[in-house]
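Down below are the structures I want you to see.
Here chain A shows up in two complexes: once beside chain B, once beside chain C.
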Partner chain A sequence: MSIELKNVTKRFGQVEALKDVSVTFAGGKMCGLLGNNGAGKSTLMSLVAGRIYPTAGEILIDGEPADSNRAQGKLFLMSEGNLFPEDMKVKTAMNLAGGFYPGYDKAEAEALTERFELNAKSKINKLSTGYGSIFKLVLALACNAPYLLLDEPVLGLDAQHREMFYKLLLEKYAANRCAVIFSTHLIYEAANLVEHAVVIRKGRILKDAPVEELTAGAYTVSGPAAAMDEYLLGRTVLSESGIGGLKTAAVEGEPGQVPTGLEITGLNLQDYFIALMEKEDRT
Partner chain B sequence: MKALFRYRLLDDLKSLAALIAALLLAPILLSLMLATNSTNSSMTINGTGAFSTIWALVIGIAVLRGDLRLGNQFGLSRRSAFWGSVLSCTAAFAAASAILSLLTAILQVIYQSDNSRVKVMDIYQFVYGNSAAGVMPAWDYVRMACMLFALCLCFGFFGMLCTMAFWRLNKLGKWVLGVGMGLFLGVGLPNLANRLSPWLQRPARILATNVWALIAFLLIWAAVFLLGAWLLARRAAIKSAAK
Partner chain C sequence: MEFNEDRPIFLQLADRLEEGILSGVYPEEGQVPSITEYSVTYKINPATALKGINLLVDAGLLYKKRGVGMFVTSGAREKLRGQRAERFFENFVESMVHEARQLGLTEEELVQLVKRGFDGDVD
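So, the complex of A and B:
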């Protein structure tokens, strides 16, 4: 059970949004798709969901071509854009969803609607940004599809609703073991959810590994500048910053023998991501 | 696909109900107008064919993009969403043809008396029937329904082709197509018909005298438009509608 992209390239005119991307999103895992603005995250998700077609390469969902009915019926993409008819009401969309997704739980959808205080009688295009996201999240959680693709799912949500959503997503994941591909700029918040991370930059996959492996494979070291310069020689430095006579650096690899005066701390996913991007910016 | 088919058919039938209501209201209003008119004037209503054709064209233009978007959001393949939309519109066109032909028959029966100053006609009757006769034989209404169905399919699928063409084109392309279509239909086509008239006379006579020939002609064009619409839809990028 997996979503596979094999040598996928996507061009929009002269712009190459994805370049020879090969990646597998395993079933039953919560995966974070991380990248800067314009990295290719939304393009990748749109390709998987059949909204656009690759210029080259192939995409398979559980071994079947992604554009087949059986493959598409296994996933739900929640994205910023609204694909519902302009005059459609929230309630109508929720009633309609049951006809498309065999596992759709209408009672759950109604309960979530109440919990998020979403107005079911409102027209979808009249919802605020936050409630537009909530509406799509309710559908995503209630459809019980084997694959959930969530592109910036917490866009416009206040802190309380974000917390509610994360909790519900975890509950859904624990109950169904569905595969979740989650792209977000709020890495610090998502770090507690995702087990696996795919980092994408300028259309190429930079890292594809369990979160533990990525963060365990890097650390932060800080101390006096002179001692730091000596320590960092020969090491893969992701990022460096200094104030006065002190320096802090994010380093890839094992700390090894740490000189006195230098302090080693672990790197969380957000700090690792930022450090990685800074390293790529320099090269 | 069934869910999309049901959703779209119900939506199309709602608009058909509005069309039928308008067509029912027309003779009633005309009768009232004539009743208050002291002169001996009469009026002819000729509408079901023309109105159903325009309705089908609008349906074709309006529904396909929305159905492709909705189908994709709810996990339908491009092919299933396209065919769900096409089949539901086809069913709606069939219902429209049958109902409007029956409606014409009923109105003709109601207004058939010598004293009636309202006459209800249809394009089928003008071209293939006896325009002076009023109520036609039953089999003519069946042929009329078949003709309306073919007209609806042809214009409906033409509408789908147009909407897909405009969806795929960039801004300049849309301008070129829009202006080009207007010029072709308004200037180019009449001129072309005029130049080709010596060769077109025989085929036109066949179409004007044999309703089944016209139906076959319309169905062929419907198939061509449908194929064009599919070829444009199959790789179109699905995005949210522009606000």
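So, the complex of A and C:
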């Protein structure tokens, strides 16, 4: 049970959105797909969902080509685009969704619509950004697909609705043991939800590891600039900043022997991601 | 509920469970919430919740009833109190005695200070 990308390249005209990407997303796991704007997250998800085709390489879902009907019946992609006619009513779309997704539960979709106070009588294109996202989330949660691909699922959602969504997603995950691939710019909020993270940058996979491994493999150290400079010599510094005579750095690896006067703290996934991007920007 | 960055979340969850057992929130032979309940309530991956709970299972503080759930072992509270008392000695008493010696306080004087603490100078 997995989604496998083998040496996948995707070009749009002159632009190479994905460059020889090989990565496997295990079935039954919740994985975060992290990257800045334009890194290739949406391209990767659209390719897996068979909405676009790779220029080179192969994508397999449970061993079958991603664009086969069998493979497509197993996954749901929630993305910026909307597959229903823009002027269709929410309710109509929800009545039709069963035709596309074999596990779709209409009663569940209706219950979720009510919980989020989504207006089922509204036309899809009349929904606000937040409710546009909610409409698609309701379908994603009610479709009961073994593979859920969520591209920026909380876009435009307020704090309360985001909280509701995270909890509903975890309930769904516990009940179905589906695989979830989740891209978000709100890394801090999703950090504890996902078990695994794939970091993508400029069309290439930079990291592919359990979240715990990534965050445990880096730390923050701060202290007087002179002592810091000496300590940092020969270490893998991800990012550095200073104020007055005080310096702070994110470092990859083990802290080792820490001189007195320097303080070590942990790094969360979001800080790790930002520090990693800063390091890549420099090199 | 917030977790901090300095320790893995499964360890922090295990701490909270231990505190729940110590304070009697989870009485002995009582059922503790399921993996899914912890996962949804704390918004953490179920694998993380499982890892935290398994620490207590391995320590003999929780046990599984197949198909029913997870329960607090009889004697878990006493066991935890013993462990915590030992840690209290290592974390606080040793450094207190060390500090007292540096200040030139006698054992008598230190005991008096501890008594003063119990008499209500601290809460």
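Basically, the second predicted complex is superposed on the first by the 283 of 283 C-alpha atoms of A that agree within 3 Å, B and C clash if a C-alpha of one lies under 4 Å from a C-alpha of the other, contacts with A are read in each partner's own complex, and residues count from 1 in each chain.
FYI, a contact is a pair of C-beta atoms (placed from the backbone, for glycine too) under 8 Å apart; a residue touches a chain by one contact, two chains touch by 3 or more.
Quantities reported herein were computed from a predicted structural model and do not represent experimental measurements.
In this overlay on chain A, chain B fits alongside chain C without clashing. In the overlay built on the shared chain, the residue A:216 is in contact with chain C alone; chain B does not reach it.
In the superposition on chain A, A:265 makes contact with chain C only, while chain B stays out of contact range. Counting the residues of chain A touched by each of chain B and chain C gives the higher count for B.
Looking at the shared chain after the overlay, A:174 reaches chain C, while chain B stays out of its contact range. In the superposed pair of complexes, A:194 makes contact with chain C only, with no contact to chain B. Residue contacts after overlaying the shared chain place A:100 against chain B, while chain C stays out of touching range. When the shared chain is aligned, no partner comes close enough to touch A:255: not chain B, not chain C. After superposing both complexes on chain A, the closest C-alpha pair between chain B and chain C lies 27 Å apart. Here chain B touches chain A in the complex through residues 1-4, 6-7, 66, 69-70, 72-80, 235, 237-241, going by the rule given at the top.
Interface of chain A with chain C (complex): residues 30, 163, 166-167, 170-171, 173-174, 192-195, 212, 215-216, 265-268, 271.
If you check the complex, the residues on chain C that touch chain A are 3-9, 35-36, 39-40, 42-48. Interface residues of chain A, counted against chain B in their complex, comprise 49-53, 67-69, 71-77, 81-86, 96-97, 99-101, 145.
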